[in-house]
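Heads up, there are several structures right after this.
There are two complexes below, and they share chain A, which is joined by chain B in the first and by chain C in the second.
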Partner chain A sequence: MSTLLSYLVDTLIFINIFAILALSLNLEVGVTRLMNFGKVAFFAIGAYSSALVTLAGYPFWLGLLCGIVIAGITGFLVSIPALRLREDYLAIATIAFGEIIRLFLLNERWLTRGPIGLRGIPRPLKDVPMDYQTFYLLFSFAFLVVVFLFLHRVISSPFGRVLKAIREDELVAQSLGKNTFRFKAQAFVLGSSIASIAGSLFAHYLTFISPDMFMPTVTFAVWTMVVVGGRGNALGVVAGAALIQFMERTTRIMKDIADIGVEPVNLRMVLLGLLLILFIMYRPQGIFMEKKYEV
Partner chain B sequence: MGILELKEVTKSFGGVVALNRVSLEVEEGEITALLGPNGSGKSTLINVVSGVYPPDSGRIFFSGKEITSLSPHEIANLGIIRTFQVPRVFKNLSVIENMLVAAREQRGESLATTLFRWRDVRAQEEENIRKALEILEFLEIEHMKNEYAGNLSGGQQKLLALGRALMAEPKLLLLDEPVAGVAPPLARKIFEKILELRSKGLSFLIIEHNVDVLMDFAGFVYVLHRGEIVAKGKPEEILESKQVLEVYFGE
Partner chain C sequence: MVNVAQLLVNILITGSLYALMAVGLTMIYRILRFANFAHAELITFGAYVAYSLNKLGFSLYSSLLFAFFAAGALAIAFDYTVFKPLRDRGADAISLMIASIGAGLVVRHVLQEIYGAQIASYTLSLKSYEIFGARISQVQMGIIIFAVAAILAFHLILTRTKLGKAMRATSDNPTLAMASGVSVDRVILATWFLGGGIAGVAGVFRAADTRLIPTLGWEVLLPVFAVVLLGGIGSFYGAIVAAYIIAIAENVGVLILASLGLHTGYRPAIAFLILILVLIFRPQGIFGTRLGGERE
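Take a look at the complex of A and B:
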């Protein structure tokens, strides 16, 4: 395959993976207004669970499932104290949790091999009779479609409507008889489990993961996808993921194409921050607005 | 025995006693009004009854069942629905969506049902939409059903907040100044709607400043001053009571 085509396929795979991650954050932030700044933790939990299970000789599906369950349980445990906090404190608590998970992965060498990371993570269905990268593109896209449809159902249901009501005014939702803590906890668990799916796909695509791939900047990149795409609009969030990932992949290969006098990877962080600031100032609703429900 | 009973309810914030041994009763099928100047503890009383603040002491009963210190959603599910002084509509949701949130016992609020029994969810949803449109029609804001609630006028938002409360099938409505900031003709209309609802068996506890409106619509009035009940009685008795004149116009 030509280099350019390979670059495109690679970019599209990353878009699929990060779109799943961004959709999970959208459920929490865009729909429910749970200020989760620890998204990367659940992405990491999915990646490491899936990698460890498959490295131990079990199939991909089991690894994926373990990630979903472990991330879900962790999400539930975190939500018990965290969801009782006001939104700004929730942001601080979750950012700390993200770092706790990364430091755990870095230091518990008996399990994670620490900074060396995990190598040789098996690829799912590696004997498919086609180019593996192309296959993985379709494979990850299938996951994106399933997650998209699943979340669409959830958000457009009466369950999702309560989440939106909590976003708008939690006390009013309570006064109408909604046990808002239960709804928020469910949204958080669901968001965590879906982030874990993205983590599994990430680990099995790269076949190598290490703790420095799960820095807080991942969370901020995913936040930017949601803010730029449009909080509450799933298609917008996918578009946001595409835009940010395209930017990220392009700055990565830019060094090989042109000398622009600055380190492209640093430039990427500058662009990300700039984009976030510009959108929050001039178009806070993002590219696409949440769809209005009508009868 | 009233549908709602407060017995010696006390609530203070730091050193400020917002409610001092307040006892009152709301008769079933009646409109009971709570009168009092700003800062007299009226909103605190609604917040305590609806579970936002637990009382420091005293007990609250609803239909004979103790509800002291239950959480807001538990109290709402028993049939006590409150509104707020500021309408607090869900601004970024459409009017119809505001209404639908409030519907009771929605099967689609369970994730499992939503995922595996969508047809049940849809059926109940259609029923709830029909009911919501009926209430909007009753309140004469049906034409706004697809508008963002934030785009409604102040008066319309008050009506929507009332409609949303009705959608939750209350037995007792706690209304915190339902016509504050509403133009007088519309205010009167809102109270006529409230009378109509009362005739269907609903009970009301209403905070209201507008004495004219109270005289026409309330069955019983409590006057709150500095956290204490200083007078109670029929509206006409209250208007003539010396304490009330003192509370409002000084001694």
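Take a look at the complex of A and C:
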């Protein structure tokens, strides 16, 4: 395959993976207004669970499932104390939680091999009779479609309407007899499990993961996707993920095409920071505003 | 055998630096009501300004003053370009926080572009003394003296000057301060400048004590948040006490981790854990009070 085409396919795969991650954050942030800044922790849990299970010889599906379950349980345990916190406290506490998970991955060498990371993570269905990268593009896209449709159903269900009611005014939802804590916890658990799916796809695509891939900047990048795309608008969030990942991948290979003398990572992070500031300032609803609910 | 004198020296250094870093963060959090994540970059910026001057031949101590003014100026620049426009648009606490994360990313990576991601070091005297069995370098001695002096100076500004009193009043109860004729705009400006400047100075010390990298400030930001919340948002004296509590917890905690056979790489997790526990069980901190009408 030509380099350009390979680059395009690679970018699209990353877009699929991060769109799933951004959709999971959108369920929490955009739909329910839970200010989760520890998203990367659940992404990491998915990646490591899936990698460890498959490295032990079990199939991909079991790794994926283990990730979903472990991330869901972790999400549940985190949500019990965290969801009673004020918004900004929740944000700070979840960042700290994400860092604790990263320190765990860094220090528990017997399990994670610490900073060296896990290598040789098996690829799912690696004997497919087609170019593997193209296959993985379709494979990850299938996951994105399933997650998208699933979340669409969830959000347009009565359950989803309660989540939106909580976002608009939790007191009103409570006074209508809704146990808002339960709904918030369910949204958080669901968001955590879906983030884990993205983590699994990430680990099995790269076949190598290490703790420094799960820095808080991943969370900030996913936040940028949601903010830029439009909080609450699932299609917008996918577009946001595409935009940010395109930017990320392009700056990565830019050095090979036209060297402008700037380190790619610096350019990328400065752009990310500027996008966050400019959107929060001039277009807080994002490129695509959430559709108003017709009564 | 634990060297108690060494432990005390380490606690004194860690705690003093946390206190200096927390001052600006806690007062801005109280007055403007948002968690300023760009505070990390004020710390880093101060450290790099001193580095540049140090390279030009200035001594580290004389470049402290420049680091102070530069970091203070950057804090004001943050407010003028990002936070004030957002306040004028009525942005909520989370929007301000997200914008501060963005601002922090921009400055951190501009610094990384200029200075590189590798470790930079100051030209320092490597002399060290032995006091009661504790090994303490000349630089560490300077850090302790300067940091304690800076805390005292800030205390005097807060208690003896009109501006300082206005700052305390605003930090204590912004609405009441405004009603009493305090010029809140001036207080905000002064708080950014003094709090940012002192964070920059702390950054120089931290870099001199450990190493200088673009993530210098980011690495200590969460422990500093732990200090701010444990001390009670807006409380300068609470922050000082909390800074030494966190310093004790970290330095003693490492010894406990080692004796339990756990990895000492968990050292940063000690502050993170305290941070989470404070948020859950005592969000008003040890000295803080709940503001009337504020949602917890």
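Some notes on this structure:
Operating definition for what follows: the second predicted complex is superposed on the first by the 294 of 295 C-alpha atoms of A that agree within 3 Å, B and C clash if a C-alpha of one lies under 4 Å from a C-alpha of the other, contacts with A are read in each partner's own complex, and residues count from 1 in each chain.
Just so it is clear, a residue touches a chain if its C-beta (ideal position, glycine included) is under 8 Å from a C-beta of that chain, and two chains touch if they have at least 3 such contacts.
The shown structure was predicted, so the numbers you read here are calculated from the model rather than taken from an experiment.
When the two structures are aligned on the shared chain, A:154 is found in touch with chain B, with no touch to chain C. Using the contact criterion defined above for the overlaid structures, shared-chain residue A:206 touches neither chain B nor chain C, since it reaches no partner.
After overlaying the two complexes on the shared chain, residue contacts for A:272 are found with chain C alone; chain B is out of touch. In the superposed three-chain model, the partner touching more residues of chain A is C, compared with the other of chain B and chain C. Looking at the shared chain after the overlay, A:106 reaches chain C, while chain B stays out of its contact range. By the touch criterion defined above, A:247 reaches neither chain B nor chain C. Within the superposed three-chain model, A:287 lies out of touch with both chain B and chain C [touch as defined at top]. Residue contacts after overlaying the shared chain place A:73 against neither chain B nor chain C. When the shared chain is aligned, chain B comes close enough to touch A:164, but chain C does not. If you check the complex, the residues on chain A that touch chain C are 35, 81-82, 84-89, 91-93, 95-97, 99-100, 103, 106-109, 217, 220, 223, 227, 262-263, 265-267, 269-270, 272-277, 280-281, 284.
Contact residues of chain C toward chain A in the complex are 34-35, 82, 85-86, 89, 91, 93-95, 97-99, 101-106, 108-110, 112-113, 117, 222, 225, 229, 262-263, 265-266, 268-269, 272-273, 275-276, 279-280, 283, 295-296.
Partner chain B is touched in their complex by these residues of chain A: 150, 153-154, 157-159, 161-162, 164-165, 168-169, 171-180, 183, 186, 190, 290, 292-295.
Those residues of chain B that touch chain A in the shared complex are 50, 52, 71-73, 76-77, 81-82, 84, 88, 90-94, 96-97, 100-104, 106-111, 114-115, 118, 121, 125, 129, 133, 145-146, 148, 164-165, 168.
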